[in-house]
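Each of the two complexes below includes subunit A, the first together with subunit B, the second together with subunit C.
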Partner chain A sequence: MLGEGIIQGLVETARNFFGSYVEKDRLTTVQYPEERHTLPEASRNFPFLLYDGTDPEAGLRCVACQICEKECPPRCIHIEKSKDKKPDFVGKQQAYPVVFDIDVAVCMSCQICVEVCPFDAIRMDKEFELSTSNRFGGLLWTKKELAKPNEYYRKIHPVEAAETDERREQELAAAQAKAAAAEAARAAQTSASATPGEASGNGASAPPAKTVVPQ
Partner chain B sequence: MSGPVVDDPIAVKPIAGPGEIMEVSMGPHHPSTHGVFRMDVRLDGERVVRLKPVFGYLHRNHEKIAEHGAYLASIPYTDRLDYLCSMTNNWGYVLAVEKLAGIAVPERAEYIRVIVGELTRFQNHAGLIGFLLQDMGASGTPLMYAFREREKILDLFEALSGARMMCNYMRFGGVRVDCSAEWLDEVRQLVGRLPRFLDEFESLLRANEILMARTQGVGVLPRELAISAGVTGPLLRASGVNYDIRKVDKYGIYDRFDFRVPLGDHGDVYDRYMVRLLELREMLKILEQALRDIPEGPVMDPKTRLRGLRPKAGEAYGRIESPKGELGFFLISDGTGNPYRYRVRPPSMINLTILEDMCLGQNIADVVIILGSVDIVLGEVDR
Partner chain C sequence: MISAGTADQIWVTLDHWLVAHTPAPLQTLVSIVISVAAIIVVFAALFALTTIFERKGLGRMQNRYGPNRVGPCGVFQPIADAVKALTKEDVVPRSADHVVHYLAPLVLVGVIFLTYAVLPVGRNMTAVNLDSGVLYFFAVSAATELAVFMAGWSSHNKYSLLGAMRAIAQMVSYEVPLLLSSIGVVMIAGTLSTVKIVEEQARTSNGLAHWYVFTPWGLAGFILFMIAATAETNRSPFDLPEGESEIIAGYFIEYSGFKFALFFLAEYIEMFAVSGLGITLFLGGWSSPVSFLGWIPSWIWFFAKLLALIFAFIWVRGTMPRLRMDQLMNFAWKFMLPMTLITMVSAGAWRFLTPAVVGPKPLGGVIRWLVCALVIFAPYITLARALERGRKIEKRVYRYAE
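== the complex of A and B ==
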């Protein structure tokens, strides 16, 4: 019968229309911004820099190795390395970034900087409502805007952050054990060969164990 | 393009019948072109006598950027080729790099690739049918139904890879992160619900008399022309050629799955629509088998160096059946950290080359649906 196909289609439309009142599966939209979907943990938007403790300058994990700058596909990261050094979380002397800028207008949220970072210093944020009326300064994020505490990372990516924290604790414990072993060896050596006064003086102010600077 | 027609290097063929030839520039902002694409159409009345596709508005220098970057840095750029199907684009590229560098992929990663690849194909085909019907005037209803299901698939992609469209998920030697058991369960639930959607989606318009009158016998692509023009994908299969790279090449682990390749008879717009509808069913079969058989294990080859990969000098061509056709990546390595030559074979662009042949003699209104049935994404056409 002519028109049967049309009627069949209209039945489907009616089914969907009335179904949308009762079935969650047929009505998936929400009234943004009043209602929001919760983002999955893996969700990513723009990178941020992590710091430990409360001071964003002293606790910044980034050591300005510039791997992310080199690997970034659209080259949106700009880093200037410091001349002096500061201790990192295991007490090793490391450089730090004097300038760390990300041009978020260029960044394409690909997460490659996160993957290549050997120091767990850069992670992806979930914040997406970032529109600004200032298209120059507002879209060039400096170290000040990028630095976020580790607590924030734990909040937005709990599973990932727990893994990272555990790994870093192990590293710290290993470094401390190594330092203690080195100190004990030195103490044993000095007590065997040198005068007792010198050995005790060295033991009190011994620097952390000698470390290998990563390539 | 303005000015007199005589400047054109290709002269207009004289045509029989009264009337003047009118030149219409459809695009680059025409709603039917799905992006920035222009068609120089010459009309005799409403009949098309010549059609010249003009593209390049979205050219982003993809190939040269890839030749200046590391192998890893090209993966997020491939997302942006066919921006509706980033997973399959990743797959094509990593397959080429794996061939070039001789990298093995763990079993579980292969299964995850099949799962995300078929989900990508599903949302692409559903979306395309929605757009095609919208072009015909079915003001958005089928498109909204298709996008509702696509939304669920994109949510799964976001939970897995972190992004909905620009997934950047696959890596040479596997995939970036493993999927959780909960994620697989969600996919299973979704795949269980999709047949009902397909039933409704099919009966919505499949037997619709207006749709049939509008699409049957329109934009016929003969089998011989399709083969000689290098057309691939559903467009080729709608013309009755049994050629699916999943069956021909059996890349990845596609030899383990039992599925059929739907073929058309006439090669018209209706056949292309139906072939895609039938392919949607076959995808669900593959998904069910993959979700049943997926093993435990690692998802990355531990020996692979993602950063600083330097394959030995040589060349490789990796190709996959992307939702739009044969997506190929040709790489030449000279032993350094970036490819010496990087070339994409985009299915959309090669399928566009026979647009004029399909449109000649048709009405101007049919050009819109013929273009819609080709399934192009301008990110891939222009690169």
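== the complex of A and C ==
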């Protein structure tokens, strides 16, 4: 009969109206600032720089190779390479970035910088409450603001971090095995030829005792 | 202790007291100013309340919370909205007709406030007791169409003109059933005065008031009146002139800031005015439905009924999708118009089926009721069948969009 469907519709909306006061399940809205969803593991926002240990300057993994700067589609990364060098986690002498800026107002969160980085130095963050009252300085992040410890990475992306850590441990072990082999070869050579001058020359280029080991 | 009569007449007493304390030459003027100010303040405040009720109510119907950030449970949202509307820039298009563009919202709001003059919001609480109050109401409210078209035309915008044309087509079409559905009341009450119509319905017998909605023609007339009123006020599902998804905001697309707020205000106060007329004509105005509740002040009854009708408007808005233009016109001319004419016939039957014709009260009354109901119900079924004939609802097949 004419008008029957309208009555049915009105009953449905009335049920919603009164039901929403009785059944809490009906209201699916998350009241954002007070309540919040836990973000999925794979969620990502803007990149950050990783460092090992406690010192963001000494432990910074970035070697200023500038691959990310060149690959960045919107060109939001700016790097200035250092003149001097510092040892990396396996003890090899590497350059480091004097300046590392990311303009997050320009960044499009594509993750290409993460994918191209051969040093596991840059990763994607989950932080999304980034509003600032200063739109020029506030969204241009320097090395100091970007550097975050490895523990933080493990916290926000546990699966990815475990995989990276494992790979880096293998690299470190391989480097140490190689150094040990070189040491053994050198010792054998020293004992065979017994030329002290050469031995001390080799010793200078040997890896330093203290290496930063990823935790 | 305030007696029931004092509470009922408290505003009238206050008005008389204020007028009595002004100098004699100014008394007429003060009396007018008080009436006008009271209408504007009360209904503008009701508008503010309704916006928050509507947003929260619609939210609940869609299983959302609605606004709940400003103040406890979002009750100060209207204040935030008002501040926003007042502080926004007032943009007028360069090619617009500036004078007409400026006048349109003022004319719209002014005209709608004029209709409140004849609404009895309580016992002895009518601003002007006109002998032809109902006629005055319809005559003045017809001028809203002019204001709507002024807005649409002067904006010099395709969408606003489309919206204005839709509005005119719709409002002219639905003016007819709106008027015809109220003629039954005028026939039975024998007067065009809104005050007398309410007094007629306030009479009680066996503890029950003589509201016209309790009669078959009154019930049908009330439903038809409210449908036509929804269309007259451009509210969903008849919101084609605004049609956010099609023509953005229709006739007031080029308005911003406070002028936009005036259009918004006009939409709501027109809804209150037309609901107020519906209450006056069919729901017994300020009278209580049963005599033992007569101690509740008359103005509380009026506003309680008004809030109930506002809720019904919100409920319907939360339920139904917008009509298409052809559906709108078919509904007006093929269904609403015949049904209102039939309601008039039924009202005539009610008038002449007196106890002398159908017999003494208890049985005679039932016979009268059933006969009048049949006069409406049988054509309704026939009309519904006729309108649905030849219309097959099938699953729509999309040939090109996969």
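By our rule, the second predicted complex is superposed on the first by the 166 of 215 C-alpha atoms of A that agree within 3 Å, B and C clash if a C-alpha of one lies under 4 Å from a C-alpha of the other, contacts with A are read in each partner's own complex, and residues count from 1 in each chain.
We adopt the following convention: a contact is a pair of C-beta atoms (placed from the backbone, for glycine too) under 8 Å apart; a residue touches a chain by one contact, two chains touch by 3 or more.
Everything numeric in this text was worked out from a predicted model, so none of it was measured.
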item: Which of subunit B and subunit C A:Y21 touches, first, second, both or neither; value: second
item: Partner chain(s) touched by A:L2 [first = subunit B, second = subunit C, both, neither]; value: both
item: Which of subunit B and subunit C A:T190 touches, first, second, both or neither; value: neither
item: Which superposed partner A:Q66 touches (first subunit B, second subunit C, both, neither); value: neither
item: Partner chain in contact with A:E115 - subunit B first, subunit C second, else both or neither; value: first
item: Which superposed partner A:T13 touches (first subunit B, second subunit C, both, neither); value: both
item: Contacts of A:S82 with subunit B and subunit C, given as first, second, both or neither; value: neither
item: Common interface residues of subunit A - those touching subunit B in one complex and subunit C in the other; value: 2-3, 6, 9, 12-13, 16, 26, 28
item: Parts of subunit C lying in touch with subunit A, wherever the complex brings them together; value: 57, 60-65, 315-316, 318-320, 335, 380-381, 383-384, 387-388
item: Residue ranges of subunit A in contact with subunit B within the complex; value: 2-6, 8-9, 11-13, 15-16, 25-26, 28, 39-44, 67, 71-73, 108-112, 115-116, 124
item: Subunit A partner contacts - residues on subunit B that touch it in the complex; value: 69-70, 72-77, 79-80, 141, 145, 148, 151-152, 155, 158-163, 166, 168, 176-177, 193, 200, 203-212, 306-307
item: Subunit A to subunit C touching residues, read off their complex; value: 1-3, 6, 9-10, 12-14, 16-17, 19-21, 26-29, 31
